[in-house]
Amino acid sequence: MTSRNNDFSVDQFNRRQVLTAAAAAGAGALAGGLPFAVRAATPPTLVTSIRSLSNPYHAVWKIGADAFAKAIGMPNVTLVTEANSEKGISDIKAMIAKTGSNMVLSVDPNNTPDARPIVEACFKAKVYVVTWWNKPADLHPWDFDPYYISHIEFDGVTNGAYISDQLFKAMGDEGGFVAVGGILSDSAAIDRRKGLMAELKKHPKIELLDFQTGDWQSQKAFDITSSWLTRFGDKIKGVWAANDSMGTGVLEALRAQGLAGKVPVVGIDGIPAAVQAVKAGEFVCTTTSDPYWQGGIGLSIPLQALQGKFDPAKEQKLHREFNAQTVKVTRDNVADYIKNNVDSHPNIDWNNLWDRVASPIVYD
Amino acid sequence: MARVLSVDMATADVADRIRPYAPLALLIILVFGVNIAEPGFANFSTLSVVLADASILFILAAGMTFVIMLGGIDLSVQAAASFASMVVAELLPRVGYFAFPITILVGLLIGLASGFVHVKLRISSFIATLATGGIMTGLSLLMADGHTVAILATGREQCLWIADAWLFNIPNVAFIALVVAIAGMLVQRYTRFGRYSVAIGAGEPAARAAGIAVDRYKIMAFGFSGALAAFGGAALAARLSSGSPDLANQLLLPTIAAVIVAGTAITGGVGSIGRTVVGAAIVSIVRIGMTFVGIDIFAQQIVFGAALVFAVFVTIDRSKIPIIK
Amino acid sequence: MLRVDAINKSFGGVRALRDASIEVRPHEVVGLIGENGAGKSTLMRILSGSMRPDSGVIAVDGSRVALRDTHQANECGIALVFQEQSLLVNMSVAENIFLAQEGPFTRFGVVGRGRMMAAARACLAKVGLDIDPARKAGELSFAARQMVELAKALALEDRTDAPLTILLDEPTSVLESKDIAILFDRMRALKARASFIFVSHRLDEVLEISDRVYVMKDGAVVAERSADVSSVSELHAMMVGRELDGEYYREARQASSSTDIVLEARGLTVDGVFHDVDFALRRGEVLGIAGVIGSGREGLARTLFGFLPQSAGTLRINGQETILRSPTQAVAAGIGYVPRERRVEGLVMDMSVAANVTLASLKAAMRHGVIDHRLERKIADDWIRRLGIKTPSSAQVCRKLSGGNQQKIVLARWLTARSHILILDHPTRGLDVGAKEEVYDLIRDLSSDGIAIVLTSDTLEETIGLCHTILVMRDGAITARFAAPAGAKPTQVALLEHMV
Amino acid sequence: MALASQSAPPEAGADSQVRTPRTKHSRAPGGGGSVWRARLLEFGPLLVLIALCLCLGALNPSFFSFRNLVWGLANSAAIPLILAMGATFIILMGSIDLSVEGVLSVGATIVVLLCINDSNANNFGWWGPLLAIAACTALGFLNGFVHVVLRIPSFMATLGLWFVGLGIGTVALGGSAVRVLDPHIRALAFERVLAFPLPVWFAAAAFLFALFLERRTRFGRYVYAIGGGEDIAELSGVPVKRTRILAFTLAGFFTGLAAVLAVAQLGQANTTIADGRMFMTVTAVVVGGTALTGGWGGVGNSLVGVLIVQVLANGMVLLGVSPYVHEAVQGLMIIAAVALSIRRGGSLMIK
């Protein structure tokens, strides 16, 4: 597949040579947006917009995006919202204005509502866009043909359920456990909790002692767990964390009491710390949406659409709005996972756009 | 000797006359600076983006200005705005356009509440508003179990006027902000409240001794702050066509920055809505300008912080701050 | 030992000191008198190192010294005793006495609390003040604070071998007479250790305590007298440049007040401040309240403006019973207040003259519910003209005006507010002769316009000279009432015996 | 001549008078009663704390369990207390330090990157923490310098450094959460001495150190003097500028210490490691009864304040309060706590 990658960049290269003149003309043309004719010429800017770089998950995301851009030799820019919806939207609009719409966008909206204005802005500016994780239920790609190509999520409910199931198994299917969730209003947090609750019903002998929120942050999870340990003491037979950052916080609080490894912990995201913990047997499991892949594919899809490699409008609905597969990291596969994904980065076929499509997104 | 004196005064007055324009000058320099670094910034489409961004920020900052000019601070704005976004989202489908005035009214009330806690319980505004903000966050979380409340197609009609309406290619929010700005300036220049808030900020004991009902006007200021925060929140909700308990997160610091960056003194007494207009613009230009110029995102916060300090350094009128704390 | 030779100092072209020269000999108390603005305070500032002269020589024991800051002044054995405000109320007496002088008690950066307390006790003993130096200064009476200031100055003894000169700037202005007596005893006792420069408005006191008296006028030292051969009236004559006579207080213009009562107090009481105060204030009457600090007169004045809520008794305004809970209500009831702390409570210093004039009655400058700036300017200009306020324009910020003009602006505010009762709390404090006389004129005008005035003043002369009626207070109660019609004024002595 | 005396710059005048209303109103001559009230008020926060503890103990006995007192309270209070120690002196001067979070994340970053970690090959052992503390101290100094020398109100100056600090942290970490693997560092958090984990001892030491500075050194005196009346302090020859800068530097030092412990506890550094610390610190200091206007209060109050805030947080988990209302409850409790304990005598003006 590496070879195909090369082809990709090569033909890209040729096209660019042919058009350098035009490009130069375009560049010289005017300060504002470039006229359409010229636009196609200069290579489009690959734009990624994510929440922030202060968490491992999005940091890896950026690495993936950079890797892809490097592979095909195109300029790429990463924007961060710093958890500020206004900033996120304005930055994207600014990029559209700056590149004169000659860009593609892969965006993880800071907040569910943000998706709409972003998509509308792209649609108006004829910019191909892929959204991740967050979007209102009534906003659909096919309503913005062809520019809003896809919305991709990772089924929080099944993931939440999966790690719960793993946790309960590790607990021997009985006893009490505590759960620390993400930012209350965050859709992923809500789904993962939903999955937990669903799974809980299937295990009558398991008792949820308490549910608190750690706002995705390890420090908060740490403090909460410390208090829990004093409140429930040995009643805690396991801890469910809605993401790995909090999971590691929990783990450290346990470690402080010499409970690390004795009380099983589960999380989601597959950040290095968590993966190592799985290896050490302190984490039961974690699942990851593979942010490295997200970073690349999120740009590859709209780019190929822009290059006319496929027509989004003609794609099947499943490709427009879907849950992608997640990678599950457990005791069994942790070794390989570390080898391929932590120590190095996998070779991914950026042209194989739809190979991780798992299931349609269902809104209730 | 009187002559000599008047000369002294004259020179002083010159300085006084120049100083107010420092913020504006800074703003213009910024625009040109960014434009030189990245031609194509100072064109219509980009600036209108900046405008849209600055507008919401300004609406929030305008309210904050009243409070800061009284020497207080309102840390509850982002909580209030988020809360308002929830309220408006809940109301729009039911009552249509009335949702907006009602929301602003709600904002006014919670603002007054904050003011009351601060003034009557005599808790410093820093803590009082921090606490009331927390309470509001709690409320908005309870409203929909922390879920985001989407404004459905029906309600969205009533949002367009803020959300995506453009007049001569200028986003409507900008005009709304303009209205707020003008209203704010008029209030400051032509009403009791405006006059008294300067008096209280610049010399509270004197204001008391002149028979001004200091407490009442302080509470009013917080009321305005709350109302405008709510308005800002409503506008946000309209643009994003839904409300959420953390919709306005991270807006607090930019809001404060927008107020003080143009020389309104955190100690009170000095400042104006006009300055805040410039301030909001400065903050947005710096923020978006960085993206535009392509400053490494890792470094953006550093630049922002440094820019902030520099701007304050240039713009504040120290002669009116007896002791710099 | 301390010589000040031909000192000059100007501010923006105004000469505050012209060739001022004085000399202080060992073990003596030198009185320094003069109207405000005569240059006393400037001279004090220069001696205490907080201000530099433009020219002139200061010499200690014949050797010339430069006093760049408080520290150097201290090195030269010169210490300034401020008024009571200059103690930090949030710190202990000991900490105040040795503020920024902890060196002697500090070993390896550790301030020895015990040693400092002991030293503080020693200092307090020198001034015969028996209090726990660990107490917070804020808990002390003004008199005690004054003594602490003195002790602070004496602490200098241990730090310098230079002969001690202590500058007492109006130390008695806030003291009750029994405390003044104590202070004077101390000073006499301390003459063995130090010399004093004693600045005061109260000529009788100056004569009582000083050995020699310097008289200043218009920035120059106009006379030196030996205390035992001089008299109050002579000193006054030299200060003011003319004999003290009724004309000074415009007695001729003292209109006989009408009979209708505008403000009436019956058994008015504020717990812990004053009690059972009865009086009636008539249209056009100037009612003086005499009394020392702590007599309750300040409290009474502030109560009449709603600062302190009354705890008992009744207050009738124009025959109508009223309870004033806040200044706002007082203003609404037609009362105006000219505070003693002009810079703090009088004006918003950084606002324009116009804004300050209309501050209490913005309505007057409003049309259709909004401020009409032209109208406001008109009002302000009108008063600027009528009261002869010296200012470039009504847009000038008040900070830049002189005290006299600032005071007029405060008055203009209440006239704009149509207050028919004015409470003048030390209205001439900090004003020079000229400004004072203008204020006296104003007060006469007001009273003949039928405005009723309650007056508390720095000096008895002023009170006697200006008032129709004088209430004397002591320990929170009224001890005497005097009618003071023009030409039949009571004497200071008569008042004093009821004050102490 | 009229203008002569008046146009003279009132060296102390203007502001020494500013204080008179305070002395006048709050302590009217012979107002002996108010003294007692002030005395009582000084214990207000303590009473609030005791009341809180008793209530919680009644509602959930395990509150008083040794384990909770050690881990749920003492250990979680350690870092906030250390931060509060720095903030106290600054607030005593009437200033404020908003930069805590920025500075702390810088410190954390340095520790992690210099000690054995999973992102680079460094192993500077104890130099890591030491350099981190040094760097934070330097940033604190920078705060004071910008504030004093450029004459920018501390609020703005430190607001700026808040952003700068976070930025530096993000740059250095490249966003990822870096884990510290050096066992000695981790030991700082987990080693127990007499049943108490080390952080508690560090906090205790920091408290005693701060108490010492406040009670026994000139610096402490000067801080109170500046808070009580900067102009008078200046007149009396107090080195105001130096003291101010020193106070901010000191705050930087404490923040650095806190950063080291935070990393030790969490076993990693990320840029969100300090989230919410600043507001929490200021709240704690104020709840403890130190006035934002300066001059009144002290490190003792801050200790109580920190404990109040911690007990609140701990209590809400112990009682299983729904996460939805956490912030609301906290807000209400804080209003109540401050309203009950704040010093009213101090000043007419509350800003």
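Here the chain labels run A, B, C and D in written order, and each chain numbers its own residues starting at 1.
FYI, a residue touches a chain if its C-beta (ideal position, glycine included) is under 8 Å from a C-beta of that chain, and two chains touch if they have at least 3 such contacts.
Computed from a prediction, not measured in an experiment: that's the story for all the values here.
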Touching both subunit A and subunit B (chains): D
Furthest chain, CA centroid comparison against subunit A: C
Chain pair with more C-beta contacts, A-D versus B-C: A-D
Intercentroid distance (Cα basis), subunit C paired with subunit A, Å: 73
Whole-Å gap between the CA centroids of subunit B and subunit C: 44
Separation of mean Cα positions, subunit D and subunit A [Å, integer]: 37
Mean-CA-position distance for subunit D and subunit C (Å): 41
Interface hub residues of subunit C, defined as touching at least two other chains: 12, 14, 341, 344-345, 349, 390
Residue list for subunit B, restricted to those that touch at least two other chains: 1-2, 5, 141, 145-146, 205, 208, 298, 300-301
Residues of subunit D touching at least two other chains: 3, 7, 14, 18, 21, 166, 170, 174-175, 324, 326
Which chain pairs touch, all of them: A-B, A-D, B-C, B-D, C-D
Of all residues in subunit C, those that touch subunit B in their complex: 12-14, 305, 326-328, 330-332, 337, 339, 341, 344-351, 355, 359-360, 362, 366, 369-371, 373, 390, 392, 396, 400, 413, 417
For the subunit B and subunit C complex, residues of the former touching the latter: 1-6, 8-9, 12, 186, 189-192, 195-196, 198-199, 202-203, 205-213, 269-270, 320
Contact set on subunit D toward subunit C in their complex: 1-14, 16-31, 33, 35, 38, 215-218, 221-222, 224-225, 227-229, 232-233, 235-239, 295-296
Complex contacts: residues of subunit D adjacent to subunit B: 3, 7, 14-15, 18, 21, 93-96, 102, 146-147, 150-157, 159-168, 170-171, 174-175, 230-231, 279, 282-283, 286-287, 291-294, 324-332, 334-335, 338-339, 342, 344, 348-351
Subunit D partner contacts - residues on subunit C that touch it in the complex: 11-12, 14-16, 36-39, 41-42, 45, 50-51, 69-71, 74, 82, 84-91, 95, 99-102, 106, 109-111, 113, 138-139, 141-142, 218-219, 272-273, 293-294, 298-299, 307, 341, 343-345, 349, 390, 401-406, 432, 434-435
